[in-house]
Amino acid sequence: MTPTHPTAPGFVEVVEIHGHIIDSLLLPKILDEILTRGGAFTIKDVHVGQRQEDPSHAHIEVRAPTAEKLRAILDAIHDHGAVPVEPKDCVITPADMDSAFPEGFYSTTNYRTQVRLNDEWVDVEDQEMDCGILVDAEGGAARCLPMTDVRVGDRIVVGRHGLRVFPADAAARQNLFEFMASPVSSEKPKGVTVREIAAAMRRTKEAGEKILAVLGPAVVHTGGRDYVARLIRGGFLDVLFAGNALATHDMELDLYGTSLGVSHQHGLPTEEGHEHHLRTINTVRRLGGVRQAVERGILKSGIMYECVKRKIPFLLAGSIRDDGPLPEVITDSLEAQRRMRELIHGVGFCLMVATMLHSIAVGNLLPAWVKVACVDINPATVTKLTDRGSVQTVGVVTDAEPFLRALTAELGL
Amino acid sequence: MTPTHPTAPGFVEVVEIHGHIIDSLLLPKILDEILTRGGAFTIKDVHVGQRQEDPSHAHIEVRAPTAEKLRAILDAIHDHGAVPVEPKDCVITPADMDSAFPEGFYSTTNYRTQVRLNDEWVDVEDQEMDCGILVDAEGGAARCLPMTDVRVGDRIVVGRHGLRVFPADAAARQNLFEFMASPVSSEKPKGVTVREIAAAMRRTKEAGEKILAVLGPAVVHTGGRDYVARLIRGGFLDVLFAGNALATHDMELDLYGTSLGVSHQHGLPTEEGHEHHLRTINTVRRLGGVRQAVERGILKSGIMYECVKRKIPFLLAGSIRDDGPLPEVITDSLEAQRRMRELIHGVGFCLMVATMLHSIAVGNLLPAWVKVACVDINPATVTKLTDRGSVQTVGVVTDAEPFLRALTAELGL
Amino acid sequence: MTPTHPTAPGFVEVVEIHGHIIDSLLLPKILDEILTRGGAFTIKDVHVGQRQEDPSHAHIEVRAPTAEKLRAILDAIHDHGAVPVEPKDCVITPADMDSAFPEGFYSTTNYRTQVRLNDEWVDVEDQEMDCGILVDAEGGAARCLPMTDVRVGDRIVVGRHGLRVFPADAAARQNLFEFMASPVSSEKPKGVTVREIAAAMRRTKEAGEKILAVLGPAVVHTGGRDYVARLIRGGFLDVLFAGNALATHDMELDLYGTSLGVSHQHGLPTEEGHEHHLRTINTVRRLGGVRQAVERGILKSGIMYECVKRKIPFLLAGSIRDDGPLPEVITDSLEAQRRMRELIHGVGFCLMVATMLHSIAVGNLLPAWVKVACVDINPATVTKLTDRGSVQTVGVVTDAEPFLRALTAELGL
Amino acid sequence: MTPTHPTAPGFVEVVEIHGHIIDSLLLPKILDEILTRGGAFTIKDVHVGQRQEDPSHAHIEVRAPTAEKLRAILDAIHDHGAVPVEPKDCVITPADMDSAFPEGFYSTTNYRTQVRLNDEWVDVEDQEMDCGILVDAEGGAARCLPMTDVRVGDRIVVGRHGLRVFPADAAARQNLFEFMASPVSSEKPKGVTVREIAAAMRRTKEAGEKILAVLGPAVVHTGGRDYVARLIRGGFLDVLFAGNALATHDMELDLYGTSLGVSHQHGLPTEEGHEHHLRTINTVRRLGGVRQAVERGILKSGIMYECVKRKIPFLLAGSIRDDGPLPEVITDSLEAQRRMRELIHGVGFCLMVATMLHSIAVGNLLPAWVKVACVDINPATVTKLTDRGSVQTVGVVTDAEPFLRALTAELGL
């Protein structure tokens, strides 16, 4: 390997990178980053894994004209997993106020992350993007902490010293062309994708992990409600996240035979049908809630019914466009996020269907190693999810009901 | 009925309208038109049909301050089916040149139209929008004539005298709310729509009419090819219109297991797969055409294969984005339109899936009484078709493969 | 006018309708409704207004085979403005519990509505769809009441007796073809629409009414921030509704020169740019809020800056996808709705740009006579708003920044 | 550099790659390809360019268990620019029939390509994707040849021996993050993009190259016609490609003040407006063509008028959805492609606005080094163009009229 510019000035640090650095594009990204920021490099050595599964590693000498520039380069390439070969412990600063981080706090990604505490690399728990890292009082453990949960005195990691991230470490090596050549498109063979998602759901259950479904009201409007009910009865849905609309229209269909006033018998709007959802909410409020509506025998089928019957935890998050809402709806968004974080524990697969708001909200909370399938007829929703840049999300541009029908058939339900 | 303005000036003509003039919105449109153009009216009488099936009719006295304004009003309301109660024969002018109409030619709609010849109302044949009307030498028959087919001396109808159109006459009266409240949307119960389309296809076959399919390449890309093959084998597809791409990718899938280079086994692009479609075209050109490829045993399955085997006429229309193209492709658009017009005879139902160009082209040629189902995952395509304003088109925003799968299941194929 | 079926059975009620019943399609809707529900009718008289501005009215005798069917028909046509000629007072039932209506409650529309109290027609205040109607203790006034605001003993209107709605009464008569032929489309002349919106904004200010803007983050991402700032400085924006994202990215652009990490200098993502929004939120939280950031001189330009400087009330409504959020964000959706209702008073025009969630939320709260312009590059957002069925919403499918640039130019800002 | 598997069997060939092999992702793609196809490699050396502009190069020893597998690997990596270090001349086979290539023909890309003839690397002329390569009789020159132009005896290149492609050679090195992090999105700062396109247009003119515009009818419908006229008058448009619709609606606007019947004065459909386009076509056909319409003073402004006045060559390609069409429309798609190929010579920049069909057709014909800006309000159109995988295309999701207005302003027109 040729030194690239031996005369470059003296602020120098050697970094190393591990993993699938060639085909995951990490190495080119890092080299580009160094050059872009006015630095120079010498590739000391590159060990390229021979087979798909084998990791590679490389040592790169980074040089910059000033200490400040070197610092900036090291910060920039740190996100790509390049860490100094002689690491120091991470830097910790106590929070000086509630509900905000100290300036310079380290902002997390959704990738697996470790901090160096007492010369040991320690996994950060509750991995989640756009958080800070809280180190416990003993300095032996660390976890992601949302901004609003900060309390004065919390020990918060600042800067990038003593931190390393594993961008794609947990991911099986993907065929590169899959990665490169798979823009989100409706023009893909759908049968294959459904098979893959069904297989992933089976593997998740076999691994003893939970399947989370995040559903929008179009699941009901398009006629997909019974297929979701089958998923629940078949044991392929362990947690449900949705909004007021999904739950309301699901129950409207039970009580009135319509969703948003459109008859599922003949597909046409029914007169006064636009009132059905509000009357449904009112009825459920009068009964005290969804559970009571089931227990009292008023609600006899559908997604919410099955959740109550099978004791599937469901979380209904409120939004400003809600009518009513239903008693179970958590109208405070911070409280809803808190509850979602709790319910996410143990989830190994997440199926998002026909909801941009809830999909992005949940995507923000999930660590990168939880597989996600995002299904929407609108390519923009799918793109927004898959743009998050991880290999975890399979985007499917298709229609909710036909997708769910094919999925349940594939799962033998 | 109250005279609306008894003092209005003296240029007067009484018109009549027949049909579903209340619920098809014709009457309000006509009244609005008269007022907008500076005229006035008295509703002489309105007979409203009692039941959904009963037509209504009305006589309206139209008044305008000048003869010219009266003429303009009568022209304007003529398109809505309002005709003078004492009609005259239509006015005929010989074409003064090839391939263009005389100025003032009557421009056709896709609705059933009659011209008055020798004091008799005669149906216009080959009804098609955006044509002229040619009256034969004997003056006993009339038909729609495309602009390029005009020859010097052709007897062309000009103006609106002695003409009447039947905007919704052939259409069964629709529930008004269906008409009003059904914007194109993906959020509709899909099972209902599929059932209705299947029923319409069955009725078409029972009536001894033909089913025309207009298909885009996404039918193949999404994996819907086998379902189309089943429709053909099941006798539910009598004519196929498509382009070079649909036919090429259908055969690429047979020869290489890919469409546009994407494997239908694992859903990923194959290396060199982007060459498959060109090699497919080249191979078929070397064999002489699709028919020869089937006869020589090279092509063994798929849409084109079934068309050849079942002697289903297919028309492949060329476009400037074509590679190759295949030998059967008609590269001249006027010639393609001519052939499409021939093949449309006897068609009672048209199923359009996943192609904006071909769908609009065929929509332009079909008379308003041929039922159309337009299926596309892109709402814009569906909207463009349904905006044509007739009640004939059912728009379905959904994905090609799942739609075709559900349709064949519904048809028991 | 011919009696339609003189032999129809004896349950009879005469209703009247006023307004633009022909061209607003009310009459055909009502007749269709009667027939659809198994009734029959005789049109006793129809007085058609002669000019665009003149209202029409009609008396219709409705007959049905049973009293129950007659009731159902009268209920159905009531929404279209048909009321019995001999009205009774509305029926009032006391609420039997908090936060839910009595069964059978009247569910409101966003059209102007009157209730009959002590033989007088009284306007319902705070008109809003999907509410109930609360009558005050003295029985002299009525207003819309959201479900969650119900308290035991509240006097709630049930059924449809003694109620009338004015579907399009406040609206100037539209050219019918505008109504019929204007599907939401990107293919419309944009200059005309911008001129119309600018004119409507000028008229609103001249009338002493307020302009409400509802903005999504794409306003900032596309580069439209300075144009909004000009609207504020020019006095064309009196109230701002938005979410955490709009405010955050607006301030991120001030603090970092990026929005969502994309530089507005060169249009490319900046490294570590994805952290900018979180650091912006943290900084503002540390300062105590947006106002403090302006007062302390940290925030120097942009939408939020201008709001603080010009004392424009802004409401930031929370959602479950929020990071942070900013201190001013109202995280409880019911509380946010309450505040929106307060701020809506006096609004005469609402400009919605690039946000589906907030646009629909605000659309739900506005009475039908507040003009709305909904601007989005995604036709689905615009369609969802305009589908609400009122003539109040002008939908514009276009890009946020270019629209705002053209609008400010048109307003001379 | 570590040998990756020294025990791999003996079918070996050393290949070399030049260019921006790290940051253009060529090296990782090639290594992945070798592994995927069952081969093994040793990276003999890698010389990485130090600065953005510096090319890199590498030698890689490729090994495979069979000669056939080695051949397959070499074929596969050839497209990424990897060529054997000891090249042989390309293999030439005479065409055995008209209008089809011999089996095994080399299928071209749109990248710069060289063939080895008599031990010399010779540039392939008329570079175009999805063609074959024709070597002249003397064996000293080569050019791309469309399938239908093949004549018996033509000397056609088969296989990949003696061929090399330069995937991104002509392209200035891009910031990697631009490449990685720029999915097509409407949420980008639009001012920056317009500035860049204007600058590219200026540079093109300064370089003495031509600017090609490819325009769809929405340019006219949205009101962008005058801005295109300004581009022509300002010398920023040298060649125009469009279809019948763009030209017709442009002239309809001149003759009737409408496009597709919608008035550009008040933005509403005009009655009988739907006939305007057909009458426009008929009028122009009667005059003999667009040129005659200008010369006779009938046509007084607009895009077609300026083209005739400034002697800008325009090509109107026909399609099956055309009415008429206009006399200048080339109805045969192969003839249209031929004429487009001629007019493309000397084009250095291509601006595509609001047309998927024509944009893709032209994109198929352009070599990769011609810069393209593709502007459409529908992300799908932009994605289809940019997915072609070259760095040449800038996709802009925005509205036609506002884009053109901003572009002319930026160009000072």
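Going in written order, the chains are labelled A, B, C and D, and every chain counts its residues from 1.
Just so it is clear, a residue touches a chain if its C-beta (ideal position, glycine included) is under 8 Å from a C-beta of that chain, and two chains touch if they have at least 3 such contacts.
Quantities reported herein were computed from a predicted structural model and do not represent experimental measurements.
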Checklist entry - What is the shortest path, in steps, from subunit A to subunit C when you may only step between chains that touch? => result 1
Next on the checklist: Per the definition at the top, count C-beta pairs in contact and tell me whether C-D or B-C has more.
Outcome noted: C-D
Checklist outcome for this item: In terms of CA centroids, furthest away from subunit C sits chain D
Item to check | Between subunit D and subunit B, distance of the C-alpha-averaged centres to the nearest whole Å | outcome: 34
Checklist entry - Centre to centre, by mean C-alpha position, how many angstrom separate subunit C and subunit D? => result 46
Next on the checklist: Measuring centre to centre with CA averages, how many angstrom lie between subunit B and subunit C?
Outcome noted: 37
Item to check | In subunit D, residues with contacts to at least two other chains | outcome: 36, 175, 177, 181, 271, 378, 380
Next on the checklist: If we count contacts the way the header does, which residues on subunit B are in touch with subunit A in the complex?
Outcome noted: 175, 177-178, 181-182, 186-193, 196, 217-218, 221-223, 259-260, 262, 264-269, 271, 377-378, 397-399, 401-403, 405-406
Next on the checklist: Using the touch definition from the top, list the residues of subunit D that touch subunit B in their complex.
Outcome noted: 33, 36-37, 75-76, 79, 97, 99-101, 103, 105, 107, 130, 147-148, 271-272, 275, 278-279, 281-283, 285-286, 317-325, 331-337, 340, 357-358, 360-361, 364, 378, 380
Checklist entry - Mind pulling up the subunit D residues that touch subunit A in the complex? => result 1-2, 4-5, 22-23, 25, 27-29, 31-32, 35-36, 40, 43, 45-52, 175-177, 180-181, 183, 185, 379-380, 383, 387, 389
